[in-house]
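I'd like to ask you about the structure that follows.
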Amino acid sequence: MSAALETVGLQKRFGGIVATDDVSFRLEPGARHALIGPNGAGKTTFVNLLTGVLQPSAGTIRLHGEDISAMAPERRVKRGLVRTFQINQLFAGMTPLETLGVAVSERMGHGYEFWRPAGSKSVVIDEIVEIATRFKLADVLEERTASLPYGKQRLLEIALAFACQPRVLLLDEPAAGVPEAERHDLLATVAALPRDVSVLLIEHDMDLVFSFAERISVLVNGALFTEGTVSEIANDPRVRAVYLGESLDG
Amino acid sequence: MQGTPTETATRHLAETSRWKPLEFAFWLVAFGAIWLLPSHHLILNEIIITALFAMSLDLILGYAGIASLGHAAFFGFGAYFAGIFAIRVIGDPLTGLVLATLASGALGFITSFLVLRGVDLARLMVTLGVALVLGEIANKMTWLTGGADGLQGVVMGPVLGLFEFDLYGRTAYVYSLVVTFLLFLIARRIVVSPFGLSLRTIRDNPLRARAIGIPVNRRLIAVYTLAAAYAGAAGALLAQTTQFVSLDVIALHRSADVLLMLVIGGTGYLYGGFAGAIVFKVLQDVISNWTPQYWTFWIGLILVILVLIGRERMNHQVAVLWARLRGKPEPRPRTIVGGH
Amino acid sequence: MAGRPHGARSLYFPGGSRVLTILFDGIAYGMVLFVLACGLSITLGLMNFVNLAHGVFAMVGGYVTAILMNRLGVPFLATLPFAFLVPAALGLVMERTLYQRLYNRNHLDQVLFTIGLVFMAIAAVDYVMGSQPQLIQLPSWLRGRVDVFGVQVGLYRSFIIVVCGFLVVGLQFVLAKTRFGAQLRAAVDDARVARGLGINTSLVFAATFAAGSGLAGLGGALGAEILGLDPTFPLKFLIYFMIVVTVGGTSSLTGPFYASLLLGIADVAGKYYVPSLGAFVIYTVMIVVLVFRPQGLFVKAR
């Protein structure tokens, strides 16, 4: 069976820096997989390559067996590869209602419909409201995104990815900046995704990683350092040395 | 006013597309001027055409975030097309208008590929360059365009075969106003549609727009083409109603002026072009009467102050004021027509 | 308003080696363009600031020379230092009071703001000096042409090439060899890093802006004879400055230098050989370069 997402010899150079170094990685269908590594290890760069924000210097990316290495970012999304951003990337001048609405209509193929007002299809509205409720955004749907408190913006960031109905979801530090108490709630929402959705989680909070993930990969200096089950990684002294040791002061 | 979240959401989305009282008032006044201001039809005609032109720029700048320093390329192209068409083929205004609009749209479609390849400053310069090249072509192809002397001998037939253009500009104003109104209705429909919404995501954050599956380039090509067609329509109206076309229609200052008007009127709510065109014309009139030669000084000063204070903040203030005038207790600025 | 400059207005060809004469005049024209535009290129590269009002400083330089010569009888050469200093001082003041507030704004705001300044400057100069072109009476030893091996060489153009040549060499020296130059290059590469290295970037910005404005002023004074000088100068030549900068790129001065020469020669030659094409070729080349080499024609792709 082909992997949900697979890279072969993926590489990215920025001038002299090798940000992604010959990474061959498999994300199994339905996986709950975590990607960890010290700051600057190249985790975000890896996600940028997978989603087409950056072009790889070498290597291949396959989504459900299909080579997507040269595919435009938006077409990858149409095929179910969706991400969230480490730093919120939202639409400042729009409301969460419009933001989620645009994602839902786009997914349903209404993006070119210029003759009817947005919001005239009740399936779209129902889905917006459903997602908003799940992410505790129902009470701020009509406010301007730029004026939302950070916590709500963070939730919108994640909710927006859900609105795209991912088959493979890449979460880049979703809990960053979310208060301790709400982190587990957030991850529970992610964990509640249907089992056929594969999830790759990038996270620094080890509690979250250990409670969420079934497998963990460790990225160091752009290269895959090791990969294993939660207990294998938790008990690997080398991982402790390169990652856990450093993350104490980070 | 409470209901289930679904009802609230439906209501809010419907509200962005619903007509506001001030909008009705605006169009009532515009149409009322046909009878109320008979001696001003010539200037009103000029204003409404300029407003249509500015609205076309708003479609790309206010809704999709593409700044252009050469939008007069399409205005000028539409004007020359309509003028030459009237001389060489037939003088029927509507046929000329439709064809000029389509041709300008086609030109916009072709040049959009140049414009969209670049980013930022390069993109701005390409828009400028395209207008300069077209201006230069118009200047040199004297046999077709009349060159620096302008296109002479444009004679228009009656609109719909019924209404002759008169010296006082009455037919001209009614014709331009009706065309502008129809184009406005279409634009207003478009900007609150799913397509229009997707444009606003591109304006706010193209990176994320792509990441939720929006084909950014294709949307921009579509709206650029549309804006070019609108600008071409405005140019055609000018050529037909004044029965003259000169290099001025495509000159750099026309691109600069329209940008300025739009910025004065505010971007992203479609009426900015109208407000800007009126303010601009009135200012031009008032200041020119006072110091005819130096009125660009004051226009420049307005621009400088506008930017220093912050366009965003200014527009915000206006929007708040607007909301208050409408007697809305909790102003939600920048969403007058679903724009920002 | 968007009339084209008359770079070739005093061409005089008695036959013979026209090509060389055109080349020579083109180089002189290009050199002036470089001195005019190099400041713009640096501010764009350094602060990512689009200063469409750059030509205003050039115009000020030109008017300083014109006023000093025509009203106060100061000799041409003696006016040149003032043509540098006055715009430089003006640039410094404007940078500290106005421009620096806009460094973080988007390009559209910068464009609008500086276009506003251009409009104000045009009207203000028109008000004070009148709209007529300013004539600058060159000293007799700079007038006329001499015959060098059959090539007609204008004395004033030779003078321009020499002066601008020295300026170019001097600029390169400052950039490559001095401490200020090193700081400037660091700040162009990455302002944030430079700040981290302890470089006072805001001082570098101000000094650079002043120097760039001064050079533009000098260019305006030197070029008044070739380019003409009237209140619409900043708009008329805006597109030329922008071509130099966009075609030349902003990462070094070599790019804009070659771009200026190319533009100068192409413009003079184009107007002589194919006047029917006008500026068409230049604009088209600009678009092609922008579309295919947006970082500039003379910049190594990264």
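Think of it as A, B and C in the order they're written, each chain with its own count starting at 1.
Note that in this section a residue touches a chain if its C-beta (ideal position, glycine included) is under 8 Å from a C-beta of that chain, and two chains touch if they have at least 3 such contacts.
Every value quoted in this text rests on a predicted model; they were computed, and no experiment measured them.
K.L.:
With chains as vertices and touches as edges, which is it: line, ring, star, complete or other?
P.N.:
Line.
K.L.:
Counting C-beta pairs in contact, pick out the pair of chains that comes out on top.
P.N.:
A-B
K.L.:
Centroid of subunit A to centroid of subunit B, CA atoms only: how many Å?
P.N.:
The mean C-alpha positions of subunit A and subunit B differ by 40 Å.
K.L.:
Using mean CA coordinates as chain centres, what's the subunit A-subunit C distance in Å?
P.N.:
Between these chains, centre-to-centre, one finds 49 Å.
K.L.:
Return the distance between the CA-based centres of subunit B and subunit C, expressed in whole Å.
P.N.:
Distance between chain centres, rounded to whole Å: 34 Å.
K.L.:
Touching residues of subunit B toward subunit C in the complex: what are they?
P.N.:
Per the touch definition, subunit B meets subunit C at residues 61, 67, 69, 114, 117-122, 124-126, 128-130, 132-133, 135-137, 139-140, 251-253, 256, 259-260, 263, 293-297, 299-304, 306-308, 311.
K.L.:
Show which residues of subunit B lie in contact with subunit A when the two form their complex.
P.N.:
5-6, 8-10, 12-14, 16-17, 189-190, 192-198, 200-201, 203-205, 207-216, 219, 222, 268, 332, 334-335, 338, 340
K.L.:
In the complex of these two chains, what residues of subunit A are touching subunit B?
P.N.:
Listed in rising order, the residues of subunit A that touch subunit B are 51-53, 72-75, 77-78, 82-83, 85, 89-95, 97-99, 101-103, 105-107, 110-120, 122, 125-126, 128-129, 132-133, 138, 141-142, 144, 160-161, 163-164.
K.L.:
Enumerate the contact residues on subunit C facing subunit B in the complex.
P.N.:
Subunit C residues touching subunit B: 1-2, 44, 50, 98, 101-102, 105, 107-109, 111-113, 115-124, 126-127, 131, 235, 239, 242, 246, 276-280, 283-284, 286-287, 290-291, 294.
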